[in-house]
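Next up: the structures, one after another.
Two complexes are shown next, each including subunit A; its partner changes from subunit B in the first to subunit C in the second.
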Partner chain A sequence: MATNHQRDPDGWQSRLASRFARFAEFVQDTENDAVAVGALGTVALLGAFASFLVTSPYTSVFLAGFLAAVVYGWVRHQELAARGVTLAMTVSTVVILALITFFIFYEAWPILADRSGTVFGVTVPGLGMFTTTAWNPATASPKYSMLPMIQGTVLVTLVATAVAGPLGVAAALFISEIAPPAVRELVKPGVEILAGIPSIVYGFLGFTVLSPWASDAFDLVGQGTYLFVGIVVGLMALPTVVSVAEDAINSVPESMKSGSLALGTTDWQTMTTVTIPTAFSGVSAAVLLGVGRAIGETMAATVMLRNTPTVAEPLYNVFYGFETLTSLIAANYGSSSGLQKDALFVAGCILFVSVLALSIGSQLIERRMDRKVGGVE
Partner chain B sequence: MTRDSERPADRVSRRKFLLTSGAIGAAGLAGCSSGGDEDTATPEPENDDGGSSDGSDGSSSDEETSGDASSSGASEPSLLTGEGSSTVFPIANKGASYWNGNAPPSDGEYWGENDEGSVPGWSEVETDMHLADYFASQYGFEATGTRSSPPYRATIGLSHSGTGCEAVTSGRVDIGNSSGPITAELGWSEEKRDEEVVDHVLGRDGQPIVVSQDIYDAGIDQLTAEQVRKIYQDEITNWSEIGGPDQEIFCIGRAVGSGTDTSFRLNMLGDAEAEMSGVDTRQGQNQGVAQLVRQNEGAIAYMALAFTGDAVRPISLEFDGTVYETSPDAENTIFDSEYPLNRDLHMYTQITEDTPSGTDMREGAFMRMFLTTFGQQVFVEANNYIPLPTADLEAEMAKLPDTA
Partner chain C sequence: MAGATDSSVVRGDTSTYETVAAVTVGLAAVLFFLGLAATVELVSITGTLAGLPTLTTLGLLLVCMGLAVAGFGLVSYRGIFPTDPRASAGLVAAGLFAGLWGLIGALVFTETLGLGLLGGLGGGLGLGAVAFFATALPREDVGSTLPAGALAAFFGLVFLLGIVGPEWSWSPANFPDSQSVTFFARSVAPFAVMASSLVVGWAAAKAYGGFGARGRHLGAYLLVYLNAVAIIAILVALVAFVVFKGFGPVTEGIEVGLGVGPTTTIGLLGFSVDVVWPVFWPFLMNGASLFTDITGVFPAIVGTAWLVVGAVVLAVPLGVGAAIFLTEYAEQGRFTNVVEVATNALWSTPSIVFGLFGAAFLVPRFAPQKSLIAGMITLGFMLLPLVVITAREAMIAVPDEYRDASAALGVSRWQTIRSVVLPAAMPGVVTGVILGVGRIAGETAPLLLTMGGGSFVEAGRRAKVLGNFQLSLSPPFVTNPELTQATTALPYQLWQVVLTGTGQTAGVDDVTAFGWGTALVLLGVVLAFYAVGIATRQYFRSKLTYE
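Right after this comes the complex of A and B.
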């Protein structure tokens, strides 16, 4: 352990030294004007970024400098310029994402600090927003609990997954393995076109047709249920699931299936014991992508729900639909200010963290399945 | 499973599918839209030709012309200017736009009638003069008989209630628009108000209480303020508790923190921060509220009058012992300024030496336009405001100068 500790910084230092050496060599080998233009472009881009952050009027000057450097480099040393520009693009993508993430949490901080709670003597920011259940921003002592919206998002996502998961995987299996070629070539692009229907169209259908019907059929007071929002969101996520799962199933090597069939299994046995297990990582990635879409779906939920944040009782009651994290933001951004606006940013943080966890989770599953089934290390 | 997994791309390709479905969609759209665009080409009446010549100019010369407008009428009358609250602006500005358009009686859409229909309230007017000519000539101005050329132009500026009140009292504009009383805006006493300005109320801003058709049919056409408060605070949850059918109440509120929400809490529940625990759903827009009331049984809501209709019925309200009825001809109506969810929209004019009555001929002709059935429906109700009940219309008409 101790030797490791000593060796690690050494290795780090020598690696850094060799990096510097390689960089110096590169500068030596490259023509002088190319190095100068590269340096100028880098400085201009950094300057543009810095002056953008302080909202300086000189941002455009720096940006023009960068563009001039790029144009000169492109004309004189196209290969080097292309390397530099693509690197700059990649770096700026990462920086923009980092800035957005930082901004969401920065905006949410005032209310997190205001509603901190204490657990075992440790102050946890924002704890007060998760230990009460009332959302009531317009009263003398405003209450901002995130629990009603978290419950709503969880219920809608569960229902949507229950709709989109089985339907989507079954449809993908049918399209890829069972349907005759002509049907498959018609249905697959058709399903993908479904993904292009704007969510407000689904929401409007839900608001004018499904919700009033559900209100009558289940004898509810008024309209707006998590159940039907979940079903609508599930239908919206369906094309994503079908499309990705179908690609995964389709990519199972024909030789594996043929080998199984040669051993005398039926088509169905091959599907359940060879095709699906092999494609499992892709199929689960498809379902998780669908879940991600369901969590982030805003328009349909805002239109169909009641917009009165309340915890439904019992906790699994899907017949009354109050508010999800996304619809909270959509319904309140216009008339909110101060702490209430910060609370909306907290909802954004929760969404961000959960979608991040989902996408990391799907990557881990994929890696594990690759090792287990595909034999890829 | 023995078939080849390569795609038979030559049969139906994805691109072909997209192209075909796109073409069908486009053909369908073309078929739908061909019948739909009959009168989109009708231009809006132009409204601010004279807007660039500034207000101070207009009103300083107005004091000279206004006095003798009734007697001579022939001298060129000056531009009529107004300014103030953004709440009153839609009414005043739409009125000024119509006025400057000076549409002929054959227009049908903005004034008068033709084969396709007539403007609301036309049967009370039935004139062969242009719009602005008709009202201006009642006060002795000479009719131009020309479209887009009224006897004098009107222009409305947009600022704030307080700014509008200040502008009219300092003589910079003829009409000061305000959504609050001038006593509150400028801190005046009522005596000072009566000495300096005349208060014209041409419309109201407010939300009547509405219920869904099934509740209205079951005989609930009136509630007390106390009952409304209890419904919105979850103390009454079933219509049977207040004499209605055995139906749970679907209580609709407005977006938290919006102006309508705050004013409802303040005026109906007694406190801008009152609890509203009985609310089942909240909607940001009048359209959404109307749709919910139409689609659901046992619903109660408050919303702009323009969105009420057959399935969305406004009801009477008993407040402090007074019953505010839904008929505009009743003694106390839901259109009154005393109705707790209403507020007056004011247009102030200044009392000067030349016009001791406070309203000169140009202002009188312009405002008379708003006090007709035509004006109330086109300028007030179509902008989601509340038209004046009959009694108030008569009282407002009495504040204007006598017609020539």
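Right after this comes the complex of A and C.
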């Protein structure tokens, strides 16, 4: 398709034209009342969306119109109606992602514009939030630096990855390659249930048991350490790593493993020389997704940390835990307004963009693995 | 088969060697559990163990095991017992040993010898490099035992010689006073013991297998099995601990008998019947009030139930519809790619970002304050990607023969989907939805921003959605004040407990105990969803395999 595109510079125009032609043909071929109802439904749905955006009370009217169109279409032209409705539902998932992206950046914009800085004569919005280290909303000239929270998130994520990565990959190997079936039926749901325990319950355990223990064991000033938040968050990210890595390991063709075993290798040799190298990209995608989970984990961090944004010194001091990007939002949203609230949205933007990048990156890696394994077969 | 001449087929003559190695593995396990017991202070580091001071006993054990493991390597190297080691222990083992010894070197050179940062860096790198080459260069039997044995012997000697005694402590000098850390023997020694017992156990397992492919296999399996056991043990311990702590508060004051429970009025078409429950379970049926003895979580349970209902009503039709379009109608191309990336991105978006979105977009559009409906929709959006992904997987798994057979009967595509694809995919969809609901039922962060209000809510102020729909002549024609005001839910209630801290408030005598009770109820609700989901999956899977 790419080569076609290069040869034909106005390709998109002809493609658009052919699409229009197909659409016109479709309208021609379809009964008139179906086309009318379809058009009415589309307009009503768009109207409902637009009036919801502007907070109009007439949203319900548009919605009722859409529902009426759907009901009529369902009774008279079920085939077409089903197709149209499912298309609208599909589009809605993309619209939701677009809305999330738009609204968190829209809400963050005032403070980004306010705290812009200049680098080599170019104005960079929000630069002022990354050049100091103080978060101090209650003074005459409030300071909103993201750096303490970024440090916290990085430290927690590093610890969590050190926990979830190796243990998760080993557990995935165990479940898909090593465990006897009866044991697998026990361990697999166990790992899933580990994902099911609500983060606030982990947090409550950490808050009432782990944090006091850590303060006592290391003679800390006050309660809350990045180290133990990281360990708890790692435990919570573990199931994600296990399930994705297990899929990747399972997708290695049985013929490759059998071929290796037929040469007289031990199971472990087959795993280290055939299974893991083949599944390597999928396994790394699993670890990336686990990192994403760890970055976004909120309640355990909020409950166990001190919620006073400060830079931990020295920079690797994991024994003191102050604030992560997620806990900043959760702990401060209720009591904030104005620029401070916008600053929380900046934290949300950082989280959203980094996790989005990790998600897309791991999907690209997974696809590469699918192609590779598919090609081997 | 060059090695066949000097190794016998039956390895019966190595039984002493193997027995000693097996005993060492067992001792390592004992040592590991001693270390574990010391972290939770079941074994006191400052007290005595087997008649000697604890650290002396542990030190003796460590030294013995270190010597034993090093001995395995040397015995094998001298050829006293036939083994089949490789030329090298491999780069992975070398890297791990280099890391461990590098850390020890850095700490010893900076702190014990007082050489500062540069000295520490040099010492760490130097010792790490020595460990790396000591592992990687010699034959496998020496490379994988000597550094391991030396590690255990090092810690053992440190404990035996009293360099780290029971009262030992160390605070790094470069930490500021307000963020100071002190490492005590009682908190550090157990971890040193556990780490070295893992390393020694691994090396002994390798020796037991006679090194080479079989030894590596045994060593690695030991660690992988341990890891699986540890994960399950942590899970069981977590759940058991919450049950242990929460059981008392939750079951306090339960009465069973006719007419002891609260009265529920069921009204239908003008008739109403009062039903009196035969059970009175205060923790589940009371709200917070100064006038009841036992504070309960009834409003929170109602709130969570409504949240789940709202999220499911929104997300399941949307998600299943999108999955139908993507698998059955759409041609695989750019559009489906975009949707797939978008759903996966939505799935991994942090819950707090959903909360921010709900607060910025949904809350102001329904009511001027946080509201139940904003919480429902936010959680619905979180559930949506999971429904799309699982429903799609279930539909893709439906064999194409089904579709072809249906199409061959001359029915339309939609009829095929409705009567063939959907029923066949239903088990997968249902399982996915149940597991997804379990996940969102425990979700807290979005509720803080979109729905939560009130710290301890009375039973009368629970969300009464059903009876409160109002019709009016002005737009938006249908309103429900219960949907547009803040309420509580189980996870939110637990967060309020954390905010309150400890002590007595709003009729709650012991907030921490109330918190454990709430945690147990929440855990029970979520795990019930998971249990049902997993059981459904097993049931349908067994049906599929036997059909």
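As a working rule, the second predicted complex is superposed on the first by the 358 of 377 C-alpha atoms of A that agree within 3 Å, B and C clash if a C-alpha of one lies under 4 Å from a C-alpha of the other, contacts with A are read in each partner's own complex, and residues count from 1 in each chain.
In this text, a contact is a pair of C-beta atoms (placed from the backbone, for glycine too) under 8 Å apart; a residue touches a chain by one contact, two chains touch by 3 or more.
In this text, all values refer to a predicted model and were calculated from it rather than measured experimentally.
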Check the residue A:Leu344 against both partner chains and state whether it touches subunit B (first), subunit C (second), both, or neither. second
Across subunit A, the partner (subunit B or subunit C) reaching more residues is C
In the superposed arrangement, which partner chain does A:Gly190 touch: subunit B (first), subunit C (second), both, or neither? both
Using the touch definition from the top, say if A:Pro137 reaches subunit B (first), subunit C (second), both or neither. first
Applying the document's definition of touch, where does A:His77 land relative to subunit B and subunit C: first, second, both, or neither? neither
Scan A:Val221 for contacts with subunit B and subunit C and give back first, second, both or neither. both
When the two structures are overlaid on chain A, which partner does A:Asn307 contact: first (subunit B), second (subunit C), both, or neither? first
For A:Leu261, select first, second, both or neither according to whether it touches subunit B, subunit C, the two together, or no partner. first
If you stack the two complexes on chain A, which partner ends up touching A:Arg115: first (subunit B), second (subunit C), both, or neither? neither
Per the definitions at the top, what is the overlap between the subunit A residues touching subunit B and those touching subunit C? 185-186, 189-190, 192-193, 207-208, 221, 267, 334
Residues of subunit A defined as touching subunit B within the complex: 136-140, 177, 181-182, 184-186, 188-190, 192-193, 207-208, 211-212, 215, 221-224, 250, 254, 257-258, 261, 267, 270-271, 306-308, 331-332, 334-337, 340
Under the stated contact criterion, what part of subunit B meets subunit A in this complex? 1-5, 7-9, 11-14, 17-18, 21, 248-250, 252-253, 255-258, 261-262, 265, 273-276, 279-284, 291-292, 295-296, 298-299
For subunit C, which residues are in contact with subunit A within the complex? 169, 171, 174-176, 178-184, 186-187, 213-214, 216-217, 220-221, 223-225, 227-228, 230-232, 234-235, 238-239, 241-242, 317-319, 321-322, 324-326, 329-330, 338-357, 359-361, 364-365, 381, 384-385, 388, 412-414, 417-418, 435, 438-439, 441-445, 448-449, 474-478, 491, 494-495, 497-498, 512, 515-516, 519, 522-523, 526-527, 529-530, 534, 538
In their complex, what parts of subunit A are in touch with subunit C? 52, 55, 57-61, 78-79, 82-83, 85-90, 92-94, 96-97, 99-100, 103-104, 106-107, 167, 170-171, 173-175, 178-179, 183, 185-187, 189-205, 207-209, 217-221, 235, 238, 265-269, 289, 292-293, 295-299, 302-303, 312-314, 317, 319-320, 326, 329-330, 333-334, 344-345, 348, 351-352, 355-356, 358-360, 363
